[in-house]
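All chains are identified by letter, namely A, B and C, in their written order; residue positions are counted from 1 within each chain.
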Amino acid sequence: MTPTAIKLTGLACALTALCLAFLLWGLRGPVGFILELRAIKLAALVCVGAATGAATVLFQTIARNPLMTPGIVGFDALFVLTQTLLVATLGGVGVAQLPDGLRFVAEAGVLMIAATVLFGALLRRDAADITRMILTGVILGVLLRGLSSMVQRLLDPSEFAVVQQAMFASFGQVGRGQLIAGALTLGAALAIAMRHAAALDVAALGRDTARSLGLRHDRLILISLLLVSAMVSVSTALVGPITFFGLLCASFARAWMNTHRHAVLIPAAALMGAAILVCGQFVFERLLRSGSTLAVVVEFFGGLLFLVLVLRKARA
Amino acid sequence: MIETAHLDLHIGDTQILNDISLRIEPGVITGLIGPNGAGKSTLLHCLAGLTPVTGGTVRIDGQDPFSADDTARARMVALLQQSPAIVSRLRVHELVAFGRWPHHQGRPGPDDARHVDEALEAFDLTALADRPLETLSGGQRQRAFVAMTYAQDTPWILLDEPLNALDPRHARNLMARLDGLARTRGRSIVIVVHDINAAARWADRIVAMKDSRVLAQGPTQQVLTPATLLDCFDTPFDTIPHKGRTLVVAQ
Amino acid sequence: MRLWLICGVALAGLCLASLGLGAASLFDGDGGWLLVVSRIPRTAAALLAGAGLALAGVVVQQVVQNRLVEPALTGTPEAAMLGLLAVTLIAPGLAVAGKMLIAAVCALIGMAGFLALARRVPPQDPMLLPIVGLIYGGILGAMTVYVAWTADLMQFLGIWQMGEFSAVTQGRYEWLWVIAALALGLYRIADRITILGLGRTQARALGLNYGQTRMLGLVIVATLTALVLVTVGNFPFVGLVAPNLVSRWRGDNLRANLPLIAFGGAVLVLSADIIGRLVVHPFEIPAATVIAVFGAAVFLWLLHAAPRRA
């Protein structure tokens, strides 16, 4: 086996071990019931971690910037806005009547279209000026978040409750339909991403070089944006907005795998993301008994990493 | 006269200025030349009392710029930093007016207005007075900054590479104006220049620096010799007499 | 002169709208009482908070020589919130003045941290600094949320995070008048602040005591931020939008423009409050939400309309 294969296998083994620990640690009482609860939570954690990790690697490649995450430019904010607008147009009751899975598909579909248009334009316009692109993305995120909270205030309170539930869904109350739809979407997205792994390696060289090497660059960017949107939908629908977590996964994956090859980076980041979340939730919920703060802590370290990377890059 | 005795500046283990003893004559243009990293800019900042030294003394017309209070110092010596990049959106006359700040501390009088007008006049900026700085060309902007320094109305004017990014025409015009200030108004000007021929053409005296030391100082003709230039830049030069001045040509 | 006339008319119009607008009518029996207890304080609070935030913004921009920055993009409000949380935990009975003081001190410390970061950011890329500031604020914010969460103080945090004026009544906003005093003080040193914007070397060459002036400016900014945060909550983007719009229109000579900047901030916040009251009448949208949408849109425009040297 090559060293990268060994590392990937190691990651997969670590993740499996973590999952088993998460399921079986301190198991007592009504075993079947608790196991089912834990299994749902675990599945959600793995899906979210994997989706975030893989989406970030993809997005960094098409933005040609290892500091970006979809969360930083406001993908998740756009998703929340999509959810809000859906409630605003269909009405809270209408949305509540949709089956979980169908609702997810509808939201993800809208996000894929909206994100591809919006971020496609952003990537094209500011490709030459990376800091401006990041700043534009960040402020766009603020704008989208502001817009959704504005629209939410316009809804009447009972409809607002529907959106709020969707926005603050925690690992505890993941709908089963949503989870299945999310897992299927994620699986499909990962498979498609892996099929394009070699082309993504070329795309990372930049538009002109990639085109002169015969790559249909713009088409690949389009596909990648669709994939990123789909994966962000999965993670946001399951746990709500996360900004910096993807940066942790992708940076660790790049540092540890030490390769530019997407065939390695994408699974590595996905495994890494799932492992970090499962491990973090395990530590916080079982050992520290304060499960709800995991997101805050992950964001804290992700933000710190971002700052370090930006400043190191600035000095180089 | 600016006199320095055994100026020394080191940051950690890095020696930036090493035993600098200088006499800079008043009423003339003194050119400060030397390779990149020789310490010219730092020396200029030390002469203006802006960068504290770790040893030695500076005397400007007998006074110590480091112990003078900020206002007194700013009336004694004006410094224009290298390629000043400001983000403020100011009009030319507003920028030049800030040169008067050491004199009025926020309450400008008619005397200040006169000085600003005179500075605008002297650097041919009267027509541009109401233009925002960012709409000016590089040469015009540089002139506006020099005009601010001039409006400070100090006996000593220190300029750090004012010819940077100026085309030959603007460079010549600026130097001719500075020359006029020295000749007709008795201002003393110290100027860091990269273009040795600009120094040869306009400077009365030259200070040549290398590796944080002073290599040579004196009248231009005496310093700009092939031997000194070779020493200073590690590059062979020929010097050719030309219209009473020296022309320096790299071999 | 005409400029001031137009500004005055606009301001008077907005104030009248703000005074007349609300769930209850002024022309019922208790109109006068309503005016004194609720409407006038609310209008005054919006004007003062807006002016204070705009002035704080322009001072920060001059200090770091970057016009894409404002107090809310430097971690200052988050630091103040951390301080307020600490006070609530340790000494909940402290008088408002004491809370204000601690918030201001923490804001100052937070800003000092930002300046330390700013020194490591190369000035050639003006867009990098706001990113660094945003993330720095985000990290401080995450710490604040963590503390609030563990101490069960989330609802306090919610009040500070989202600025609005619906709770402003007589007796609960008077601290904001300190802003008026600070604004006058700032006007006195307007020239010095402009000179700060020329950069350290040039400011010192003009005989300005750079360190002292900068410190004075930062203390004013921290105080303004703390005053607004404690009385009515956090408003992002006001300090960015008002100075930038004035600067694009009239340049950066603060002696001439400070009043205009203060006016711009006041009008911005009061308009946001009025819009927030109108859209879902008789409910309200917090003014901060309205400003976030408007301010972010203006910021995006500034980023792209501005020439690269911001």
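The rule is simple: a residue touches a chain if its C-beta (ideal position, glycine included) is under 8 Å from a C-beta of that chain, and two chains touch if they have at least 3 such contacts.
All values reported here derive from a predicted model rather than from experimental measurement.
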> By C-alpha centroids, what is the most central chain here?
Replying inline: C
> What is the chain whose Cα centroid lies farthest from the Cα centroid of subunit A?
Replying inline: B
>> Taking the mean of the CA coordinates per chain, how far is subunit B from subunit C in Å?
In response: 41
> Distance from the CA centroid of subunit A to that of subunit C, rounded to the nearest Å?
Replying inline: 34
>> Nearest whole angstrom, what separates the Cα centre of subunit A from the Cα centre of subunit B?
In response: 57
>> Could you pull out the residues of subunit A that touch at least 2 other chains?
In response: none
> Considering the complex alone, what residue numbers of subunit C touch subunit A?
Replying inline: 68, 117, 120-122, 125, 127-128, 130-132, 134-136, 138-139, 142-143, 145-146, 149-150, 236, 279-280, 283, 285, 289-290, 292-293, 296-297, 299-300, 303-304, 308
> Residues of subunit B touching subunit C in their complex?
Replying inline: 45, 48, 50, 70-75, 78-81, 84-91, 94, 98-99, 101-102, 106, 132, 134, 149, 152
> Can you name the residues of subunit C that touch subunit B in the complex?
Replying inline: 62, 65-67, 123, 126, 188-192, 194-195, 197-199, 201-202, 204-209, 247-248, 251-253, 307, 309-310
> Once bound in the complex, which stretches of subunit A touch subunit C?
Replying inline: 129, 131-132, 134-136, 138-140, 142-143, 145-147, 149-150, 153-154, 243-244, 290, 292-293, 296-297, 299-300, 303-304, 306-307, 310-311, 314-315
